[in-house]
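The structure follows.
Per-chain residue numbering starts at 1, and chain names A, B and C are given in the order in which the chains are listed.
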Amino acid sequence: MTEPTDAISSTTSRGAYAAATTEGRQRGLWSDAWRNLRRQPTFLISAGLILLVLVMAAFPQLFTSVDPTYGDLSRQRQLPSVDAWFGYDNQGADIYARVIYGTRASVVVGVLATAGTVLIGSTLGILAGYYGGWLDALMSRVADVFFGLPFVLGAIVILTTLNAPGSTPGPVRIVAQVVLSIALLSWPVAMRIMRAAVISAKQNDYVKAARALGASSRRIIFRHLLPNCLAPVLVYATIALGAFIGVEATLSFLGLGLRSPVVSWGVMISDARDYVRIAPHLLLFPAGFLTMTVLAFVMLGDAVREALDPKLR
Amino acid sequence: MGRYVLRRLLQFIPVFLGTTFLIYTMVWAVPGDPFAGKCGERPCPDAFVTVMTERFNLNDPLLVQYVKYLGQLLQGNFGETFSGVPVGQLIVDAYPTTVKLAVVALVIEAVIGISAGLLTGLRGRGFLDNLVLVSTLFLIAIPTFVTGYVLQILLGLRWGIIDPTVSSEAAWGELLVPGFVLGSLSMAYVARLTRTSIAENLRADYVRTAVAKGLPPRRVVGIHLLRNSVIPVITFMGTDLGALMGGAIVTEGVFNIRGIGGLLFRSILTKEGVTVTGVVTLLVIVYLLMNLLVDVLYAVLDPRIRYD
Amino acid sequence: MSASMSRVDDQPLLVVSDLQVEFRTSDGVAKVLNGVSYHVDAGETMAVLGESGSGKSVTAQTIMGILDTPPAHVTGGSVRFHGEDLLTVSPERRREVRGSGIAMIFQDALSALNPVFTIGFQIAEQLRLRQGMTRREARRRTIELLDLVRIPHAARRVDEYPHEFSGGMRQRAMIAMSLALDPEVLIADEPTTALDVTVQAQIMDLLKEIQDERQMGLILITHDLGVVAEVADRIAVMYAGRIVEEADARSLYRRPAHPYTEALLDSIPRLDLKGQQLRTIRGTPPSLLNVPPGCPFHPRCPRAAEPCRTTLPTRVALGVGRASACHFAEEVVSRG
């Protein structure tokens, strides 16, 4: 009676082999990508910029000793000078200090919204792609519904719905609401990317082999599908992070996002809105920082995508 | 093909119902008094509240309200605002302006985007390629309102080339700069999409065949290469028209254009639920129809696609 | 007739001499062709034989002027068609020669035909643009051409797209397209590789027949010795960007003059040697970025000796129309 034991041992070894090849492929892909990235100037520039932005978000006091909330109306809307590199805003507060301190809120919104989008989208995308059938059909239609809503409109409706006009929600609450509305309206994109990746990965022989060998769905998803399908979603996430920081500012610009006394780029832009014609520097400095940050993330995403997909070069 | 179109139209029904219901719920199911602030500073008189509750079926359960609303909508009746203005009239007033703006944006994004993509895709790596890549990156990174304000300040106020705001007639010429602002993000995508597509197809075997046949370069590029490369670009632009109309809200705000975006924005802030639902429904219909159109166009452009 | 110059009688129709091509990539410069020379005359079939990467297709693309530049750069040699060096003429003149002077059939007709235009459009296009035919004339001629390559119901199929054709029919359409402008030389780059074996024979027969009829010069590029045997007049064997042996088909099969040819012949299954172990060529072709010194074949060669490792063998003439680039050519040929 040696047959069953043999079968089992060969099963495990083959299972291990399948897993090993998956890992080998992964390691090859990522280490190749890393080697490519290190040589790319766009990657180095964008990574440097992002690092700077993150440090600014974490330790604003390293960059300025001025209190961003202290305003002196006597120096209202003064132009940039040696004392205040970026000039003073409508309340007479130092724009440079406000821009530095504003980084944190913008970055936090971007990171959380991206995390939410990717989490919701990938989970649903994996489930839809892996199980297919009616579950896929249902989720794809639901995704269509959310995708069909114009982004800004959807966010406006959600934010006004959650806050009756005239009410003043606290900073934590409004951040949560902005993050929620962005994630709610963006997950279909992440889901579609993940779903497509899973459907194509599912056809691979090592997944079929693992299935034939009786691996559980959970094991196949976590061990085989997830590592192979992560790359496109990560690329999307990087670019989306930049885009979401821009969205936060747009919502603030429309008077719906974060509000004073929270210091964020969006709030600064929103406050500058009515003075754009007489004091453009109120708008241009926060907008410039915003643009550079978004640019850095988009560039990083571009570089990573190129590194991961050699066909594009 | 006919059957495919029919099937797609049938698929639209759940998406259409889902989207409108979602909007309806979000607009009407808000906790709080729908009449707050509707009658100036004081609370509304009871008589008014009774009439309005009756008119908007506010005592019915949400689903019943929605079905009743949908019934009216299918008869072409968009309902009335709280002050009794027909929403259909508001939409008819605002819609053409936004459509015009979106079309201007689409044309600008097609002309500039495709030319830039074509030029860089054909030339390959080099100064021009880097220039276009960097400028598309900036277009993607700069928020619309910044582009809008900067152009408004420079062209309108400093140099006086354009009027800083658009008149109520919204002539085509006045919409050029706002259209550019609205289309700038998509323009960047179109340029990159065209560039990738051209560069990919440039090495395709059939392009080599066309050269080997002794065709003039202009024909190789203009007929064989371009025809294949524009397929994804046209697909993108088709779905983009809906997005442009929905996204016009910021551009309309900056240039003071009286379009659908402004109407919607005001309606949301004043809780004019009927207007919001009507406008968004219309936008969703445009979006869905454009999607269908793109699918059909795709089959026309690429004979390999057969839907039946 | 074609726009080519008057025939220079003491020269063959098409002469490729000492062609040098390199690929400049980020990993280094690969010398893909290192002095390739061959010729073809009217009514003659010249087979170019070699493994993938030996440079046989690159030679054909250089003749047609359809190399991808960059990375490919022609660094030396000439391609004389009716005595005129195509590598130095104006781009316009070069274009005139394509299609009407020299035409080409590609390996994979599915990717070589434009997917979004009908077969008819793609053939008629040349007739309209190059010969000034009207739409109606071009269409009539296109149907004739499709008939000629024996595509059934040509009048109907002319309006179909490439993906609606079967593999064999697609290759026939490709042949019809290459014949549209009555070329004097036809280059067929692995015309049957992508096809089923039964279809392969039909296509080769068709090519042969058309060539005989029109007295075209045919350059047949292939890695398949079986295909070559029946149709080729002369054969050039390529290895690592060089022609290592050139001979008439008969002598090459009987008495190969290069160990590489010998090895290739040994690796064909033969009915008369049934039951014996099939011999294969050990090793793999060299990377063109890093060609071994001396004779590039020496690491795989069973006869390799001291000079092979250090000195590049020159072309040794072995009687009329025969040559071999091997230090031991005489030995090899006499042993076979």
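Note that contacts are C-beta pairs under 8 Å (C-beta built on N, C-alpha and C of every residue); 3 or more make two chains touch, one makes a residue touch a chain.
Everything numeric in this text was worked out from a predicted model, so none of it was measured.
With chains as nodes and touching pairs as edges, the resulting graph is an open line. Farthest chain from chain A, judged by C-alpha centroids: C. Per-chain Cα centroids separate chain A from chain C by 53 Å. For the pair chain A and chain B, the distance between mean C-alpha positions equals 23 Å. Contact residues on chain A toward chain B in their complex (touch as defined above): 141-142, 144-146, 148-153, 156-158, 160-161, 164-166, 242, 246, 249-250, 253-254, 269, 276-277, 280, 283-284, 287, 290-292, 294-295, 298-299, 302, 312. Of all residues in chain B, those touching chain A in their complex are 11, 14-15, 18-19, 22-23, 26-27, 30, 32, 36-37, 137-138, 140-146, 149-150, 152-153, 157, 164, 196, 242-243, 245-247, 249-250, 253, 264-265, 268-271, 276, 280, 283-284, 287-288.
Note for the complex: chain C touches chain B at residues 64-66, 68, 95-100, 103-104, 106, 108, 111-117, 125-126, 129-130, 161, 163, 177, 181.
Looking at the complex, you find that chain B touches chain C at residues 203-206, 208-216, 219, 224, 227-228, 231, 301-304.
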